[in-house]
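Starting off with a structure, shown below.
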């Protein structure tokens, strides 16, 4: 993608924990939601994509850095940008912002996920599908 | 509310389990999201409402019936309607539909939650706030 | 089962929400964990059971009543008892207690789940497997 | 800790997603459970620790690498080792193994979390408590 995909999300009660902010692992789930929305926007059928019947694209690495806490009701924007790493793998970079901070661009959090395409029966690496390549290069 | 509040949602990968459909308890979480959206639409500040610093409105009962499975990528609509039960409590009825089924109105699932207002320090029942009464009666 | 199955659990940070107690829908997830532990104790292989490759046993109804809040670090005990409803379905009753309250038997919460056996291809009802009948009647 | 803390866990249905393996972000939640168990074993009261009333110890960085998929019913062992980074922060390294692989020590996944102590009112950094230092150095 030449420009970032942007996803809007309100922080939900379920995202939070007893420290009253978003539970750290849910920060990555927010990013994954943005990834799903980006795939759908590109025309990829989420139901068959995530069932992974012939090939699957599991996450082999994820990392996240938090700069500010997120509270229930906060409205955030997630921008993401995928990059091809090899014929079999890609990574996605994510930046999270509060809606009102978008102009100043001070991120709440930044994250990365790395994905490798595998044959579901052998669990060996295989090439990314044409639709995924199209989504990455778009 | 004289007419139902309506909330649109796409089923996310995180909502599903190894049976490839929405994990049963997440069906209730989807309903709670609709409840939060309805409160926000009524002008209630979610951050302070769900922190529950002076009073809190915990769920004392929840039930759900499933008629059809929901898969990742499915687009659903949740309609909800709150009813006052006593000066201290209310219930919400939810109906979930697939977007394309809205005309036929065959529900995917139906749920109920019951909520009681408590003083956070004593944990004893107290009257619902004016903003909640307004939300219920609107 | 002639006597209840008992499952011990510590409330985790992830189970809680910004009201600092267990998120209501997670109360049902705690019950499902106890159900899984009970199946495993009966010799049922969880991996194949929950993949649902030929038959599946989805939850068609769930309800829960809360009497006391649960906090991170609380040690609880869940007792459960399944009952056959028809050749194709069963229900489970759950009671949750604080460990120290087990003698007095004042429940934190009570829940019910109803499960129906279906053929995964037709999604029509079919008879419960012998291993499930054995688990229910044991 | 001079030697690693070890935590045993069975993979639950709720941990999985429609690809039939543990949802990636839940891999980090498993690690956090091990962290909580380690704190409790050291005598730290989880309820007050995670409420974060005066000071809190939020996670500012998390990363995880997956080498093998985890399925519902799998029995795993998580070993963790905390290290002091500064008077105000520490990191924890985690390794996940299948129970049967513990002799061979081929990890399923490896993860890191970094934690910084803050004053909850100012949200500025402050020194780790004595009980946390004791837990790290034990």
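Chains here go by letter, A, B, C and D, matching the order in which they are written, and residues are numbered from 1 within each.
Methods note: a residue touches a chain if its C-beta (ideal position, glycine included) is under 8 Å from a C-beta of that chain, and two chains touch if they have at least 3 such contacts.
None of these values were measured; they are calculated from a predicted model.
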Selected interface, B-D versus C-D, where C-beta contact pairs are more numerous: C-D
Farthest chain relative to chain B (centres taken as mean CA coordinates): D
Distance between the centres, which are taken as Cα means, of chain C and chain B, whole angstrom: 23
Interchain centroid distance [CA atoms averaged], chain B/chain D, Å: 32
Distance between the centres, which are taken as Cα means, of chain D and chain C, whole angstrom: 26
Touching two or more other chains - residue numbers and ranges from chain A: 13-14, 16-21, 23, 25, 29, 32, 50-51, 71-72
Sites on chain C touched by chain D in the complex: 10, 12-14, 16, 20, 29, 32-33, 36-37, 40, 45-47, 49-51, 71-74
Residue ranges of chain B touching chain C (in the complex, touch as defined): 17-19, 21, 23-26, 28-29, 32, 50-52, 56, 58-66, 69, 113, 123
Residues of chain B touching chain D in the complex: 13-14, 16-21, 23, 25, 71-72
